[in-house]
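Just dropping this structure here.
To keep things simple, chains are lettered A, B, C and D as they appear, and every chain counts its residues starting from 1.
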Amino acid sequence: MAERRTGDVILDVKNLSLRFGGVKALTDISFDVREHEIRAIIGPNGAGKSSMLNCINGVYQPQQGSIQLRGRTFTHMNPRRVAEMGVARTFQNLALFKGMSVLENIMTGRNLKMRTNILQQAIRWGAAGREETAHRKVVEGIIDFLEIQAYRRTPVGKLPYGLQKRVDLGRALAMEPQMLLLDEPMAGMNVEEKQDMSRFILDVNDEFGTTIVLIEHDMGVVMDLSDRVVVLDYGRKIGDGSPADVRANPDVINAYLGTVH
Amino acid sequence: MGSFLETLLGGLMVGMLYSLIALGFVLIYKASGVFNFAQGAMVLFAALAMARFAEWIPRLTGLNNKLIDNSIAFAGAVLVMIVLAWLIQKLVLARLVNQDGITLLMATLGITYVLEGSGQALFGNDIYKIDIGMPKEPVFILEKTFEGGLLINKEDLYAAVIAAVLVALLALFFQKTATGRALRAVADDHQAAQSIGIPLNRIWVIVWSVAGVVALVAGVIWGSKLGVQFSLSLVALKALPVVILGGLTSIPGAIIGGLVIGVGEKLSEIYIGPHLGGGIEIWFAYVLALAFLLVRPQGLFGEKIIDRV
Amino acid sequence: MLYRENGQFKTTYRADQQIFPILQDRIAIALLLVVAFVVVPLVADAYTLRAILIPFLILSLAALGLNILVGYCGQISLGTGAFMAVGAYAAYNFMVRFDGMPLLAAMLLGGLMSTIVGVLFGIPSLRIKGLYLAVATLAAQFFADWAFLRVPFFTNNSSSGSVSVPSLSVFGMEIESPAHKYLFCLAIVCVFALLAKNLVRGHLGREWMAIRDMDVAAEVIGIRPVYAKLTAFAVSSFIVGVAGVLWGFVYLGSWEPAAFSIDRSFQLLFMVIIGGLGSIMGSFFGAAFIVLLPLFLNRVPTLLGIPISVSAASHLEFMIFGSLIVFFLIVEPHGLARLWSTGKEKLRLWPFPH
Amino acid sequence: MPGALPASRPTTVQTTFPRLLLEHAAARPNAPALREKEFGIWQTLTWRDLAELVEALAGGLADAGLQRGEHLVVVGENRPRLYAAMLAAQALGAVPVPLYQDAAGAEFVFPLVNAEVAFAIVEDQEQVDKLLEIRGQCAKLARIWFDDARGLRHYHEPGLASLDALIAAGRAYAAAHPGFFAAEVAKASPDDVAAMFFTSGTTGTPKGVVHSHDTLIDRARAGARFDKLTERDEVLAYLPPAWIGQNIFSYAQWLACGYVVNCPESASTVMLDLREIGPTYYFAPPRIFEGLLTTVTIRMEDAARPKRWLFDRCMALARRVGPARMDGKPLALLDRIAYAIGNLLVYAPLRNTLGFSRVRVAYTAGEAIGPDLFVFYRSIGINLKQLYGSTETAVFVCLQPDHEARNDTVGVPIEGVEIQVSNSGEVLVRSPGLLKGYYKDPAATAEVLGADGWYRTGDAGFLDASGHLRIIDRAKDVGRIVGGANDGALFAPKYIENKLKFFPYVKEAVAFGDGRDKVCAFVNIDIEAVGNWAEKRNLPYGSYTDLAQKPAVLELVRECVEKVNADLAADERLAGCQISRFLVLHKELDADDGELTRTRKVRRRFIAERYQVLVGALYGGRSEQHVETEVRFEDGRTGKIAATLRIVDVKTYPPVGRAA
């Protein structure tokens, strides 16, 4: 019943190419993402999906092409700037901070918004304390949203895989991003975990109007979630459009033969 | 001019020893990704063993043939180093697989202390001589080129030869023997090596043994020059900047780096030292390496690291 | 078993975020402080204070500083001794060159100097990973050893190369008797421990840990490695520097560069590993352990009637330290502090095992 | 024990819930009224805040057109704003009707239609969805407000709005009509209807039980006086507010005493929250206590040997001296010391981990509680007691005084309660807390509420010598022995069966005797427990049937039955229905064979018919009987079990009364 209001283009990737030494990870990829939409990038394993995300948030530097984010064009990004421009992401193989509790992990997502200096923090009394509390409130909101109240103080390492994924999402949400890049959010999950995660993704998109770029190698999940889908294979774009179109696209079917689950 | 060349040669000699020690580092790092801080301690340990064995054997056996004594002692020391390698692998590294570099480094720090402690406890903590009968008397060469000629120690020449031979042997070992090839495979990619059925643990024991033998040779040469004592393990720390300079994973790098540092050190001591109050040897190597790091983090011959996400 | 947590519910975030959220812990720590500040000075004899407690406190402080770098930010350092030295010599120079320089001021300036040097040698850490960094910090160590030995300026041209400080006083109070020195160190250690604790539980601390645990993820959420690492170096070497000042001024009184040799650096690293990486309390455990073990080794055998020579004892010490390092890295990478906290958890859940 | 004297006049109270609220708000404006763990801390609502909130809600409801006497449905977990909503409704003279939040949508239809409900205030999306799904069947349902907006952003149903919206509207309304709130509250009189609770009852369609401010507050206060509750007590509310039990403890008594009610953060954190809050006043049905005990045993399983040994030793000690201690009896010095040590090592920490450190009074009610269970909690120093009451009596009829808790009684009649046992053995109650009646169901009302003001509980029981009420069975099940030695004696099958089932070895039991000359019983052994017992004695056995007929096993069961008999003999009313013969059934009673209800209650009549042969044999005095029974296996196949069952005679005891 949630009618989604997609706006105009906020991310526009143009002719992006990325090589590691001789290996071509991405070749001349172009696609765009509209505000408030759920955009999926799918493709078999090793199609270059993750590399794509890593270019968008500046972990990798593409050799060619440009990325236009919220009107500004970059030939290469740096993670900090991307973060400041309101782009958050989650990771395929969990990249949580093992040494910290759930609460602390999500708190790190607020760092960009923390202002007090080192001395204030050392003394803590006053400004730093207030700041800490203010951001704690926001983070608690997210914990409540993701229904992980029972694990607040648990070290993330001790959590089951599905919950760790949730914490990863929570950390990204703590940045209050306009755009959220999700790298295989459902990889290795059982059915109901997948359902939960889908619900959360939709809710995020609903409640906060967050634009979502979603990577999956399993077509099934994505199709009912996303508005538009890009299909990569061996670093090339072989399809782009509504789930229906993509499903019909012969190249896609080819690429997926044998890998469809 | 002459003095310059002498310094240069002296530098090369020292450098060569650095190279030997550095070689140990590189071998181990290549094969197991462990930054073996204990290499220095291994040199000390090996040298102590050798020195004391050479001293004890005549007493036990009563036969006083230097050559035999020394060779038995050497063999004994080699054996000791192999056992040591096995113990280290079994007791420490096997239990720290997939730990990050820093942890492993700190572990080898621990090993350093154990070796230094046990080494001295077992073999005593005085200064011991190793006499493998290398001729001590100096020789003059190039007397025609300029008056006075150059003064060099035969001993150093021998040492150089020994070192060269050792390096050559290692090269052969790596290129020709099956184990050598296996080692290279492991160095390139652990998982892959394992998947084609190379027994990592055994490989690693071998590597540590080889490194142990290299340490022994270095220790013997050094010991016969200056005697075996605790400071040896500190001198060995000089090998760290060497590997940084040469690149953690490159054997040629280790050798070149060693020579560069050795020479640089001596020259700087002579030509810069006086202006700085002397004794700059102790840090020159490091600062050189450090400066170099900033320009080229992977060292002279090391390969670039791309960490994938 | 000792815990009674029913009814200890938190109605404000301030209460929820305090350092010791559990009442029983607050009581325990209060008692500990009373003992440390009041009872100990009254009962402890001069030897205990001079030979055990004072070095323990100062080394704890240094270990704490190092722990921030190694334990919290994951940047290894083998040059701690050097940074202590910088602190000590800097403070010394401020004292002798500006008369009327108050001790505390000199101490802080010493820390500041050490901070500058620390950041200087930390800069490589931005380009290079752990192993290389070890070498960089080692460079600092050797450079410092050399500088303080060979550059007369630092020793104020003292002929012997060793320096000694005039009598100490804070706010007009003479710090002469061991008890005074002890209290002085204790006060400073407590203050710094508190400040450090606040830092590591604040967002800076989280930045450090984030870099330590998963640097790529950290960058992606907008943490700048440069800033995180350099602040860690700065804070760490400041505290270490201050510890250096105390070591020189309060514990030694007069010293030579050897007092801050590479062995000191290793010793401190061991304290951190054994005590517990990434734990303030661990620094104290580690220091206590490493200060007490030698005494133990020197006494016990004789008590057991098997006297061992001094050198044998020191060799034994080496071996024990070494094996303990390995042992802890393998069995409990978070050291004594983790053992402590697991024990505490068990008490909270008693009689249940988990 | 004031309640013990039957003829104390009911005291009607002179206040209403909204007035109580205002009194607290005036007397202790800044004292906490409600706490809810949300966003990681216990968010506190003071009495002033609460009054303010209630006024706003009342304004909103008035604005929406909620009329005096109309019903307002409230569905959800224990949430402060839902409590406030109930108060707001009462302030307007409307009647809050709490419904079970875990019920299916369809189950809401009857109450909504029956009570002509127009307005509903619910917790979240889940409840909203349920109401929307049945909206078609409930023509009158006009407005729905929700507390938690999560996921409801895109709902555009007519009349659906958030509680925030309602509050905002209410503030505006209050501003426009100054003093309306006070006025509305003033209009209410104590015997106005205060709330309605729907009971599914044991049979048929649910009935709306109507209570007035008077009835609820009177009982709440009586209970409070009985246990000396104060405004300093703490309660954790985590059972459905639609259940009168929770409602009385966390609403009626909350307002009566002014103590603090705490709402857990989420269903998954209740145990953590219990630990944090550490309530001083606690109420739960036996199954909760049973669940807790199970977790204790399970968690202790993986404890290290020495710790387990210590634990077992301490618990043994506790079982020996604990109950006596709780009953305030003097202990031998050694026992006292031993118990103190045990308390230090185990009991106190255990109470702490369970969240009971601060419990001063804990009640259980609803079903019979097993003696082991009951003893466990009392022995580790938790003042667990039983009470007797029902929705119709506003709970408080009989309570066990401290030091007088026994697991076979339900306590003494408390102040204002009169108890009478009809000659059919049914317990009749008269108290100021009785229901006004069943909503729109005079017939049903008349059935239970006589003109003389006596309420028929439907339970059979009696006051024993010590003045404690003893409930023995549902009245309709109680029968009479006819002929024989005990002609005319009372026969209470469920009571006997429960007593048997309290033994771990007995899984099920069926007692016969109504209209017969003696009591005989079928027994199902517990294959687990008896199996272990057999293995310990290395007694080989094949199937259940095989094990069931082992002489040793029959002997074991006989001992149990004789213990029960001895018990029964202890009071002369029941001495007559001691079991004189029994047999152990050759198969386990099974719902698939229609012998048990789905809720595992024995269907006595059906079983009697199915096993006529055996019943015949029992009463025919035979020593054994061959039987063949058709059974249905899980996979649906049917088969036959045949066996020859030995019939065992059991020693019966003379009633102690007469024996003495």
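Note that a residue touches a chain if its C-beta (ideal position, glycine included) is under 8 Å from a C-beta of that chain, and two chains touch if they have at least 3 such contacts.
In this text the structure is predicted, and so the values were computed from the model without any measurement.
Asks: Need the graph distance between subunit B and subunit D over the touch network, please.
Replies: Between subunit B and subunit D, the shortest chain-hopping route counts 2.
Asks: Just grab the chain with the largest centre-to-centre distance to subunit D, centres being mean Cα coordinates.
Replies: Between subunit D and the rest, the longest centre separation is with B.
Asks: Which pair, B-C or C-D, has more C-beta contacts?
Replies: B-C
Asks: Where the centres are mean C-alpha positions, what is the separation of subunit A from subunit D, in Å?
Replies: Inter-chain centre distance comes to 49 Å.
Asks: Starting from the mean Cα coordinates of subunit B and subunit C, work out the distance between those two points in Å.
Replies: Roughly 33 Å separates the two chain centres.
Asks: What whole-Å value do you get for the distance between subunit C and subunit D if each is reduced to the mean of its CA atoms?
Replies: About 59 Å, centre to centre.
Asks: Among the residues of subunit C, which ones contact at least 2 other chains?
Replies: 13, 216 - these are the residues of subunit C that touch more than one other chain.
Asks: Can you tell me which residues of subunit D touch two or more of the remaining chains?
Replies: Counting only residues that touch two or more other chains, subunit D contributes 40.
Asks: At which residue positions does subunit B touch at least two other chains?
Replies: 309
Asks: Using the touch definition up top, name the residues of subunit D that touch subunit A in the complex.
Replies: Where subunit D meets subunit A, its residues are 38-40, 150-151, 153-155, 265-266, 268-269, 272.
Asks: Enumerate the contact residues on subunit C facing subunit B in the complex.
Replies: The contact residues of subunit C facing subunit B are 70, 74, 76, 123-124, 127-132, 134-136, 138-139, 142-143, 145-146, 149-152, 216, 262, 266, 269, 273, 311-312, 314-326, 329-330, 333.
Asks: Once bound in the complex, which stretches of subunit C touch subunit D?
Replies: My answer: residues 1, 3-13, 15-16, 349-354.
Asks: If we count contacts the way the header does, which residues on subunit A are in touch with subunit D in the complex?
Replies: So the residues of subunit A touching subunit D come out as 1-3, 103, 136-137, 140-141, 143-145, 147, 149-150, 152, 203, 206-207.
Asks: In the complex, go through subunit B and note every residue touching subunit C.
Replies: Touching subunit C: residues 35, 37, 91-92, 95-96, 99-103, 105-107, 109-118, 120-121, 125, 234, 237, 240-241, 244, 248, 276-280, 282-283, 286-287, 289-290, 293-294, 297, 305, 307, 309 of subunit B.
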